[in-house]
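For clarity, chains are labelled A, B, C and D in written order, and residue numbers in each chain start from 1.
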Amino acid sequence: MAPRGDRSSGLRLILRHPSGIAGGIVVAVFTLLAVIGPLIAPHGPFEVVYNPDHSVLRLAGPTVRAWFGTTNQGMDVFSQLLWGTRSAMLVGLLSAIGSVVIGTMIGLVAGYFGGWIDEVLMRLTDVAFGIPFLPFAMVVISITRPSLGLVILLVVSFLWRTTARVIRAQVLSLRARPFVWAARAAGAGHLRILLRHIAPNVLPLSFLYAAIGVQAGVMLEAALSFLGYGDPNAMSWGTMLNAAFQAGAMRSAWWWVLPPGLALSLFVTAIFMITRAYEELLNPRLRAI
Amino acid sequence: MMPLLEIDNLEVRYRTGAGEAKAVDGVSFTIEAGMCLGLVGESGCGKSTVAKAILGILPPAGRIAGGAIRYGGRDLVGMPARDMRRIRWRDIALVPQSAMNGLDPVYTVESQLMEAIAAHQAMPAAQRRRRVAELFELVGLEPGRVRDYPHQFSGGMRQRAMIAMAMVLDPPLIVADEPTTGLDVLVQDQILSQIRQLHERLGKAMLLITHDMAVVAENCDRIVVMYAGRVMEYGGAAVFRTPYHPYTLGLCNAFPDLADRGQALISIPGTPPSLIAPPEGCRFQARCPFATSRCATVGPPLVAVAPGHVVACHHADQAALFRERAADPATWREGDR
Amino acid sequence: MTRLAQAALRRFLLLALTLWCILTIMFALFKLLPGDPTSIFVDNNMPMEMIEHQKQLWGLNDPMWLQYAHYIANMALFRFGDSFFQNQTVFEILTGKVANTCAMILPALVVSVVLGTVLGALAGWNRGGRFEQATVTTALVLHSAPSFFVGILALMVFSYQLHWLPPGGMVSLGGPEGFWPLITSRDYLLHLILPLLVLVSREITGPILLVRGAMLEIKGADFIDILRAKGLPESRILVHATRNALLPLVTYIAVMTGLLLQGQVLLEIIFAWPGIGRELVTALGDLDYPVAQGALYVMAVVILLLNLVADLLYGLIDPRSR
Amino acid sequence: MTRRHNDGPTLTRRTTLGLAGASISAGALPGFAADAGITVTNPKYEALYRRTGTYYKNDPQWVSWTTPRLTWPQAGEKVPELTVTIPNVQTNWLDAWRKFAADAGKLGLSYNIQQVSEARWLDLIGLHTHGDIEVHAAILRPERIDPAEWATSRAYGLDRRNYGEWVNEQYDAVIEAQVAESDPVKRLKLVQEAQRILADDLYITQFGWGPGVIEAYNSAAWDGVVQTRGFGIGSFNAFHTFLRATPKTARRKMIVGIHSLLETTSIIAAGNNMRAIGRMIYDRLAYMDENLKIIPWACESWTRIDDRTWDMKLRPGMTFHDGKPVTIDDLQFTFDFMLKYERGNFWTANMFLAKTEIQDAANGILRATFKQPYGQFESYFLQLNVILPKHIWQNIMAEQGVGDDPMRVRIDKPIGSGPFKFGRYRKDAELQLIADKTHFSKPSIDEVWAVATPSIDGLLGRLQSGDIDLIESSDTHLTPSQAKQLADSPGIAIVRTPDLNWLHGVPRPSNLPWRDIEFRRAWHHSFDREFLVKVVWEGSGRLPAANTFLVEGNPWNNPDLPPVPPFDLDKARGILKGAGYSWAADGRLVYPAPDDANFRQRVKQVCKDGYTWGGLEMIG
């Protein structure tokens, strides 16, 4: 556990960690793009790019009029990428927050109170682990209407399972620590102990799983959109890849396929880099002497 | 007659975040065949580092920066790995400090002992199994529990198993690095008697490393007192009976002697110096109640005060006076210089 | 009953309880559909009385709890009823498909675990070296690339352009009949290479990082010094360390299968692999609920069974927990 | 590539689920919401809205949707948001509708585009709970070259697939006449008259005629592919290519990439593919040639006795794939079986069949008599029915203990008398069809292998690398950009075939605001059809000449219909203003004032002057 006093040097540590820095920069760039992207995007996500002679600029490679080229229906790939960044970040962020909040809470309560509460919550986690996410999400979406909100809800309703288990294990070990006994002996109520003593120690771990949540959220949204279960009105990287896949352009229109594919990989790798750096902060032994 | 093991001006340095620490800064002593040498000092004075240096199992951050470790005339420092491997355990065995996790938790105790034999001699498994059972009995463990896992042994039993393992190849020299730390007093006594047996009955040369002055006094023919990586005093039993160096005096005070019960224990104030930038002159001067300005500037050389008994102190001649004043707690309470 | 059997029994009961919860969720889920999954099978031009007869046949008029009880009983006994469009029992359809899916997942699982352990151990052992840096970074990048994207690129390069490997499917035209001859045929192995590469490239990161992390812990352990002091060669010490580093990996294997199984849907579409993932997609497309329901349930059972196996395996490997 | 997975709702079981679903919800609410004061002008149509169990008046969802749309709008009430339901598989329909929605916004109309899964879409339209506008495309089948399939189903007052619930009594009269008209010339006149009424009353609007049928095949290995109008070269529905293509290399085995293989191998319970492949294994009674003209097949000839009786002469000398001869008894048995048990795929063909009897066993003559005058004998009845081997099917129902439900009969290896035998089959992977060289129209090649490739990218990739010779095109056509990609690969030829496809929008004339013909006229002007054809279909399609789905090139097309109202928002605004509509502050369209007599008259009358409305009436 990173001793609390170590916070400032913690940041210094991440900065000293090469991949940590690289990851940080890439995520910062993506966040910036997500915010200003749609404003600077030359075209709307579904807007068609026309040539001067009003014919459609279709499946064109990167040109001055469309920096990343156009899709089979003449839509600008670069603008779609920018709009896609916004939904990717949105999904990533919300699913991370959601999964971490729920996961941490369940982990805290299960780990701290134990007994039948723990048993029930852990069975709930087993159930969440038992159901394969992608197929389940497809069934739910095929019943109702596909929308970004539903995708986020589904991702959140699954991602908390790993966080819960990890946090619970952490809380179990913390609960046995002397300082908790001492606090109880001093007459502190359960809530106070949970919030004042245990939660702060668990937070660093929750942040770690928040990052993992972002990564899983973005990947799962891309997978669902690729299968055609994404939100048709929201432009996301997965939808771009699905459109290319449906248009059978994967093999030829590299300018249409590479940007979303690479953006997805880059964004997820960056998050992964940060988690690696952060994990070494958490676990001193991993630190290279 | 050539000594079994000769440590000649050994220097060991550790890489740390804040620069290189001189853990062992010029240590020399020799061990004759069948002799038991005690290496004693506070924790962090570098005694365990000497043991690790001898066996060549320094952690990645440590390196031997100078001096030599001669075993049977051959210098172990820089010896090719294959030859070094042959010497380990066949000639020099180790009884580690960490009794609790010296054994691999996922292998049975028997297999780990047999493995030590197999690494050096081609011996059929049945014969190795008999050898292990025999040693188990020697150290007082039931042969029936040979196939247990380490976690099924108590701390004392595990240390006995380690001793048994050290004996599998009947090595001439055994290095015991604080074999009794972490064990309760009763078990400590049993382990020490086991080790004494090795030395006396089986004639094994011993390098006994401890911070407990009484253990060294009872068991060892010669004693080396180390402080902050340097030898303060080196000699026979006299080092314990009539210590010359103020630090040795302090050490003797710090350990209760059943003889003079009722005496308040006297501890040495202050803490050992940083090894990254060790002070000029005598390293103990900051905590030495008798230190003079000369102690702070010039490093005291090893001076012979009796045949086979040397001391690293400018004022060794006032040792008798020091011994009297050292017995008075007030001397040590005057606070650091 | 020995302690191990008792532990196994307790876990088995827990598994049953979890499955029961999953079934209840699925019952509620499919109940929300416009057409009730246990609904009658009627043709649209049938006169009214025929509809009533069918409703009776399928117990549609029974009270909800009775339908629920029937549902649980049938599903628990793997009686999924008949598919609406493929006049075969769902069980028959799914057994073939689960076998095909396992034929892709299990080799990928084995390769990822074995290769991952070796790479992870080596990376952990020579800490800070170039090898560790290279392995960890490649693992990170491979894990992050979306598997469907990598799959298509792999197909594009190795199959459509270079013609080294077949363009998907389990076996080429007129391949051997029957599951066992197919699995053991060279042709099948040729078809397995690409999907295996994609799956392994995504899933190997887990074992590598886990074993490496565990190795770093063990590298500093005291018994390693003793092993070295015993004069054992470095390779022997590495074996000792790896055996200890395996422990956290075993529990991860169960999670891994869950991940493999769920990501399967995408790869089966890209590689035209007749597995359970693709069956579910088609079933959903056709609104063939018995098959979709059966597929989802079988996947859940496979995941939970593997969790159980991993727990018991952990007991075997780690003597301390026995 | 526009991939249309499933076809119209009648032939598949999906609507049954809707039925079941509705029955549950209806069951849940004991009938009180049933009629809620909704009445029908002409009692003849009352039965449709009440007869079939759980539909319309018995479906609370339908009632709750329809009631507000049948109540007179108050003063200043805005035209409500118009719901459009589209299956999410059809991404290009959505692309077009985004533009349509943007344009309609300028008129003050707001669309709520609902994207649902394909299965759910079929449910919604089956129950008529899909909202205001239903978007539909043509899926060409051999039996659909008969006009009845579309002209009847999509607009006939008493047919449930008339999603807009448009009841034009003149139109219905003409439809009922043409179904019973067995003289082709007279029937053509009636069908053209029906198209005129449909276009004139501004009910269904055609967005575009297309997408075009573009295909690619391995021209290095095959020669003599046959282009069937509307179908192209590679559709199992029009399998002339597989009969007459000749190999250019030693390989006499043609490999066809198909999106998904057979859901079942029994032709009775056939899914989409088996319906087509099944009729390559079992012989149809008659078939169509590449110009869609009906030609004799298993029936050598047929003579019309009167407007409801025909004599069919079985072709002599045919044998089943297991060597047994095909006799008139097999034909008689097939019809007995169909009439007694079959209520699925074959029922739409045999619904009007009264009885069949062997007229002259020696010469293999069978007489078929229909319940009422029947106009669809050749293109529908003869093309859909097949000959089942009596010696196999005779008591198969009893043997397999499936009671009286033919759907559950299992046929693992179909034996028919068709040009192809059922060879090796691995579910979801591959199907081998072996040429029957004894067949009267025997294939020149030896084998056809269908290989399941679920992704379009996979199909194109395999075509380019030569792993497959062509792509089965019954529901997957190339887009121009894909064709361009393939064109520059060696040994691949691109083939463009005139198509009979269309994409149309079906509004809801039984409800407001569509009941007002002026609103419909303005609405027809609000569609930028050129955007669909030029951008979404990448130019592969035609601007519709008229609001008919029997497009130019379809033998039943009516050439002199009024042209499709051009895209002209200003004209639309003018029509609406002239009809008494106004715009609210936020730009949304507002109904005419309650006391606007013309408006009330138009809404009551729904149809254009000269036609009478028989459907739902306004409440109060």
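As a convention for this text, a residue touches a chain if its C-beta (ideal position, glycine included) is under 8 Å from a C-beta of that chain, and two chains touch if they have at least 3 such contacts.
Values in this document were obtained by computation on a predicted structure and should not be read as measured data.
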Worksheet entry | Of all other chains, the one whose Cα centre sits farthest from chain D | B
Worksheet item: Is the number of contacting C-beta pairs greater for A-D or for A-C?
Response: A-C
Worksheet item: Which chain lies at the heart of the structure, taking centres as C-alpha averages?
Response: C
Worksheet entry | Distance between chain centroids, defined by C-alpha means - chain B, chain D (Å) | 94
Worksheet item: When the centre of a chain is set as the mean of its C-alpha atoms, what distance in Å lies between chain A and chain D?
Response: 44
Worksheet item: So, what's the distance in Å between the C-alpha centres of chain C and chain A?
Response: 23
Worksheet item: Taking each chain's centre as the mean of its CA atoms, how far is chain C from chain D in angstrom?
Response: 40
Item to complete: Scan chain B for residues touching two or more other chains and write them down.
Response: 60
Worksheet item: Do you know which chain D residues sit against two or more other chains?
Response: 89, 117, 119-120, 455, 457, 461, 464
Practice prompt. Would you please write down the residue numbers of chain C that are in contact with two or more other chains?
Written response: 33, 127, 152, 156, 160, 220, 269, 281, 284
Worksheet item: Within the complex, which stretch of chain D touches chain C?
Response: 5-6, 9-10, 13-24, 27, 52-53, 89, 117-120, 122-123, 126-127, 160, 255, 260, 263-264, 266, 269, 271, 343-344, 347, 351, 407-410, 424, 426-430, 432, 449, 451-455, 457-458, 461-462, 464-465, 467
Discussion item. Could you list, by residue number, the parts of chain D that touch chain A in their complex?
Written reply: 1, 3, 88-89, 91-92, 94-95, 98, 113-117, 119-120, 455-457, 459-461, 464, 479, 481-482, 484-485, 534-536, 538
Worksheet item: So in the complex, which bits of chain B are touching chain C?
Response: 52, 55, 57, 59-60, 85-90, 93-94, 96-98, 101-107, 115-116, 119-120, 149, 151, 162, 165
Item to complete: In the complex, go through chain A and note every residue touching chain C.
Response: 19, 123-124, 126-127, 129-136, 138-140, 142-143, 162, 215, 219, 222-223, 226-227, 241, 245, 250-251, 257, 261, 264-266, 268-269, 272-273, 276, 283, 285-286, 288
Worksheet item: Quick one: in the complex, what on chain C touches chain D?
Response: 33-36, 39-46, 48, 51, 55, 60-61, 82-88, 93, 96-97, 152, 155-156, 159-160, 163, 166-171, 173-175, 177, 269-270, 272, 274, 278-279, 281-282, 284-287
